[in-house]
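One chain, chain A, appears in both complexes that follow, with chain B as partner in the first and chain C in the second.
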Partner chain A sequence: MDVRSQISMVFHLDKCIGCHTCSIACKNIWTDRKGAEYMWWNNVETKPGTGYPGKWENQDIYQGGWQKNGKGIELKGAGKPKSLTNIFHNPNMPVIDDYYEPFTYKYLDLIESPPGDDQPTARPISMITGEPMDIKMGPNWDDDLSGSPDYARNDPNLANLTPAEREAMFQLERMAFFYLPRICNHCLNPACVASCPSGAIYKRGEDGIVLINQSVCRGWRMCVTACPYKKTYYNWSTGKSEKCILCFPRIESGQAPACMHSCVGRIRYLGVMLYDADGIEAVASADDADVVDRQMDMILDPFDPEVIASAKANGLADSTIAAAQASPAYKFVKVWDLALPLHPEYRTLPMLFYVPPLLPVVASVTEVDNEEQAKKMNPVGKVWPDSWLYDTTTKELFGTIDDARFPLKYMANLFSAGDTTQVSDRLKKLMAVRLHRRQITVGDLAESTVKEALADTGLTPQTADDIYYLTSLAKFDDRFVIPAAHREQAIEMMEFTGDVRGSTGFGFENDTAKRGA
Partner chain B sequence: MRLLSLSIGLVMLGLAAAPTRLTAQESSGEAIFQQKCSACHLTGSDRLVGPGLAGVTTRRDPAWLKRFIMQPDQVLASGDSIANALLLEYQVPMPNIGTTDAEAEALIAFLSGAEAAGESGAQQVAVAPATEEQIVLGQNLFQGTTRFSNNGPTCNSCHEVTNDAVIGGGILARELTTVFSRLGGPGVRAILGSPPFPVMQRAYQGTPLTDEEVVALVAFLERADAEQALHQPRDYGIKLFGAGVVGVLILLGLYSLLWRGRLRGSVNQAIYDRQISST
Partner chain C sequence: MNALNSFLFVAFPYVAVMVFIVGVAYRYRQKGFTVSSLSSQFLEGKQLFWGTIPFHFGVLVVFVGHLTAFLLPRATLAWNSIPLRLIVLEVTAFIFGLSMLIGLVALMYRRFSNARIRAVTTPMDVVLELLLLAQVVLGCWIALGFRWGSSWFAADLTPYLWSLVRLSPETAAVFALPWVIKLHIVGAFALILIVPFSRLVHFVVAPLNYIVRPYQQVMWNWDRKTIRDPNTPWSEARPRNN
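Now for the complex of A and B:
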């Protein structure tokens, strides 16, 4: 057993309101620079939709991730022979138009224009050329199903759905969508690391954060092709590739990453998980049907004495093990089995997990008689003449889950390599928790119904309350359990700290890091 | 970056300092003569490239002599009759090799001393006829297929010789096909032994040619001179350009075959094409 620690994330999709605050927080801190204008290390997508960059999930186009071959797995679009023959022309690279041409507006024209007959306007200008441009695309152009025929209907995850199922998804009044916030998954088997000809990308030993060393990167851009989530980006100004760094300077000082800290819906959880690194190759080479279960099996129980002993033998600090025991990510992923990785079939073993959204699955629209209700309204109040009710209650236990307007198959394509039982198991648990809480707070459900629902999903009332607490009431320190970074130990391994006692500045070995090229 | 500029600075400092770092021994007239003049001149009356210098201090006005030693190009350009007559006779103009005032004085003192000593100056070395191996070696050295043992630069980076065996020499310095008949064996040998021309001096500073290499090169240049009429390197003219165009087309074809599955344009192109442009 080779126990290592990984900072892992859980995004609770039922809580995401699609406000893009996370994206803005990240943009302001990290990618508000020349050459990085088009990058969104954190972005929020509407599903169904094609996302950013367009159709990133279609690996027939972008050739990202791993694929099985006879013996094990190989990179789909990179790897030694392919990288060598394509080193001066990488044929599967996304172009700027696949992302979008970054733009701003000439705001100064609004206040500096000479007096005239017309109001001055702020024209859009390209942040690459500085010339006036037509805005053709943005990082969330398909937000809230806008332009559905172009975006939602071209979602690669619709691939295995029957035409009837697809049509049902896009019927007026039945349309549903949810948000999918995405950052780098800090995978256990990262394709970007494997593809780098310069050896510039590495997975940090102490917490598993995947980073690109800007001094070693030579801009071959094999990682841009190899990452199936398209979460490495090429900076055209510095000539190097960049990606989400999970705000490691914040993590090291005990703060939550900016996207998580700023999250309005409080959908994000962060914590340490211990895993067995010996199993990475075997798990990544497993069959599509098994890859989710086997990834879950890799994650170890931080209370197991054997695991703790191996962890200590590997040099993990006691504080890290304690953080793993308190980790909200471990609870969601392992203890409660509520979260799933995004696109496990890419075989990178992503360590960012999603609690699948229940709401669009179970909500339905029914026709009701609103007349009595409308009479009670104040005469000056606006009365909508329609009689539709957006109904999130359910009379049957789990009937609506399998018979939902949002096909389970679609969710399964996203989160479990097409295995619908994985998704429905988790949705049933979410539903059982909801029924349990409804029985407590509203009390309009029969006790037997709730008991049956809990028993069906293997939850106890206590567990259901724990899930409810961490989902709805969790405080900041419950959502983010950040282990001490122990940088002092790392620094003391490299140099004698007495040499710089009394000096100012951060960083060791090299001078203080400089921004930019 | 700092290291690079420092090392460049050091090299430049070294170059600037080199000419001034003459020891007493080196600054003697004889040493200067050996270093700067002996490539073309003998102290006796025999002609080498330029005239033999026996009796030159009595033959010429001392002031003129000093000026000619220091700035022969300016004297020639001024239309000086003696200088022009010498050029007519010896064909090769004497190069300005940057002789300083003190060096010129030392040289004149040395030359009048040599006269007084009655030195014959017959320094001609009897040269055995070159072997075929030496000629081939000279050819290889000239075009750089064999390196000079002291790692000096190859001849054809600056010089050209009309010879079937040599492909495309440089055009930075004189064309050397007829150098043997122009300067004769001793002259070529002397120039190669200690180059009198400033650029060539600088190029071979610290990396002089060995005696065997000089003999081999002279042998090759003699052969090239003698057989120049028989050698006509082919001129491909427009065909060379045509072959280049065909080669490019073949490569482009190969690449488009090799990368036929590449991404073309944007995945959003159909959407962009439909959008209305404001311009």
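Now for the complex of A and C:
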């Protein structure tokens, strides 16, 4: 057993309101620079939708991730032979138009135009060339556009749904969508690391954060192809690739990552998970059907004395083990079995997990007689001939998860390599917690219904309350549990701090690259 | 005239190679952040293909060709002793030279016609491309007009180059060469000279290590086997990465 620790995030998708605050917090800190304007290390997508970059999940186009090759696995669009032969021109590399051309407006024209008959306007200009341009695309232009022909209907996850199932999703009256915030998954079997010809990308042993060494990156851009989540980005100005760093300078100083800290819906949980690194290769090569379960099996029980002993032998600090025991991520992922990785079939073993959203699946629309209601409304309201009710009452829904508004198949394509039982197991649990709490707070459900629901999903009332607490009431300190980084101590202990005075903190130690030089 | 010749074929090569070695070492060690291929494929990918592929494969073959004549002059001459083999060698080299030329012209056209690529072009890029263009044109001209280059390179130029290496320059043969070839030689040393100051530096960091390294890389900031041992915590021991 080779026990390592990983800082891992859980996203509770039912709570995400799609406000993009996380994206903006990240952008303000890290990517508000020349060459990085188009990068969104954190972005939020509307699902169903095509996402950013457009149709990133379609690996026939982008060739990202690993694929099975007999018993083992190989990188789909990169790897030793391909990275070296394609080094002069990488045929699988996305270009900036797959993301969007970054733009700004000529605001000064508003102030400096001479007096005239017309209002001055601020024309959009390209942030690459500085020339006026027509804006055709932005990072979240499919926002809230479920049902639209350009975006939602081109979602790669619809591939194996029947036409009838698809139509059902997109009928105007039944339309539903949810939000999917995405950052780098800090994978256990990262395709980006494996594809880098210079060896510039590495995973930190202590906390599992995947980083690109900017002084070693040579701009061969294979990681951009290899990451199936398209979470490494090429900086067109410095000629180096960049990616989400899980705000490691913040984590090392005990602060939450900016996306998490700013999250309005409080959907994010951050904690340590211990895992067995010996299994990485075998799990990554497992069959599609097993890959989720086997990844879950790699995650170790931090209370198991044997695990603790090997963790200590491997140099993990006591504070790390304690953090793993109190980890909200471990609870959601392992103890309660509520969260799933995004697209496990890419075989990078992503270490960020998602609690699948219940609402778009179970809520239904029913036709009701709204006449009485309409009479009470003011005249403007009356012309709205709406007899549809967005129904979230929970009485009968427990039985109907399988014929829900959102085909389970769609969720399964996102979170469990197509295995619908993985998703429905988790949704049923979420539902049982709801029924249990409804019985306590509203009291309009029969006790037997609730008992049955809990028994069905193997939850006790106590666990259901715990889930409810961590979902709805948890304070920041419950959602964010990480150990002291120890990394800063390592540097202090191994080196004389006087030697490194002035060499840490903000700013570049070296000059930045000049194009051509 | 002699002074100029001595400068171009004795002093200049030494200066160029010294600047190359010191400059590349300094830039690699101290300014790693500036060492990049500076690829612009992300801004424009389709046109690039028709430039970069013929250019780079041309460069590879032509470079290896020159290197062989320099390192293995006897073998080269022996190979050329049979006319058919000589023709095969010369024609191959010339085709790849042409491929370089075509690629370079396509790249330059792309650089000047595409607004996005213009936005990431520096004066050094232009200097470099013009120098390369001159060098390739001269090279093709020499291949056509002064046959057979592979043989007289091995017979005349290789001794001169090795004499430079041995620090006792023998320049009589070079001084007597036609000016086209002289220019080509000076151009070659000029290219070596500007490597540390231009994007050319990326050829020095060709990622050959990738072939042998394991796919995954994990790094510890400490030696995790000893850190919890009370006798050795935070010791001098450096982490063994991977």
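Here is the rule we use: the second predicted complex is superposed on the first by the 473 of 517 C-alpha atoms of A that agree within 3 Å, B and C clash if a C-alpha of one lies under 4 Å from a C-alpha of the other, contacts with A are read in each partner's own complex, and residues count from 1 in each chain.
Note that in this section a residue touches a chain if its C-beta (ideal position, glycine included) is under 8 Å from a C-beta of that chain, and two chains touch if they have at least 3 such contacts.
Everything quoted here is computed from the prediction, not taken from an experiment.
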Chain A as common anchor, with chain B and chain C clashing or fitting: clash
Partner chain(s) touched by A:G54 [first = chain B, second = chain C, both, neither]: first
Touching partner for A:K71 - first (chain B), second (chain C), both, neither: neither
Partner chain in contact with A:M93 - chain B first, chain C second, else both or neither: both
Chain B versus chain C as contact partner of A:T129, first or second or both or neither: second
Chain touching more of chain A, residue-wise (chain B, chain C): C
Partner chain(s) touched by A:S237 [first = chain B, second = chain C, both, neither]: second
First, second, both or neither for A:A194, with chain B first and chain C second: second
Chain B versus chain C as contact partner of A:K475, first or second or both or neither: neither
Segment of chain C that clashes with chain B, given the candidates 56-64, 110-118 or 164-172: 164-172
Residues on chain A lying within both footprints (that of chain B and that of chain C): 89, 91, 93-95
Of all residues in chain C, those that touch chain A in their complex: 30-45, 48-49, 52-53, 56-57, 115-116, 118-125, 128, 197-199, 202, 205, 207, 209-211, 213, 215-228, 233-234, 236
Residue numbers on chain B that touch chain A, as the complex places them: 255, 258-259, 261-263, 265-269, 271-272, 275, 277-279
Chain C-facing residues of chain A, complex: 80, 83-84, 87-91, 93-96, 128-131, 189-190, 193-194, 196-199, 201-206, 214-221, 224, 234, 236-240, 280, 312-317, 487, 489-491, 493-494, 508, 510-517
Contacting residues of chain A [partner chain B, same complex]: 50, 53-55, 61-62, 85-86, 89, 91-95, 97-98, 134, 136-137, 147, 150
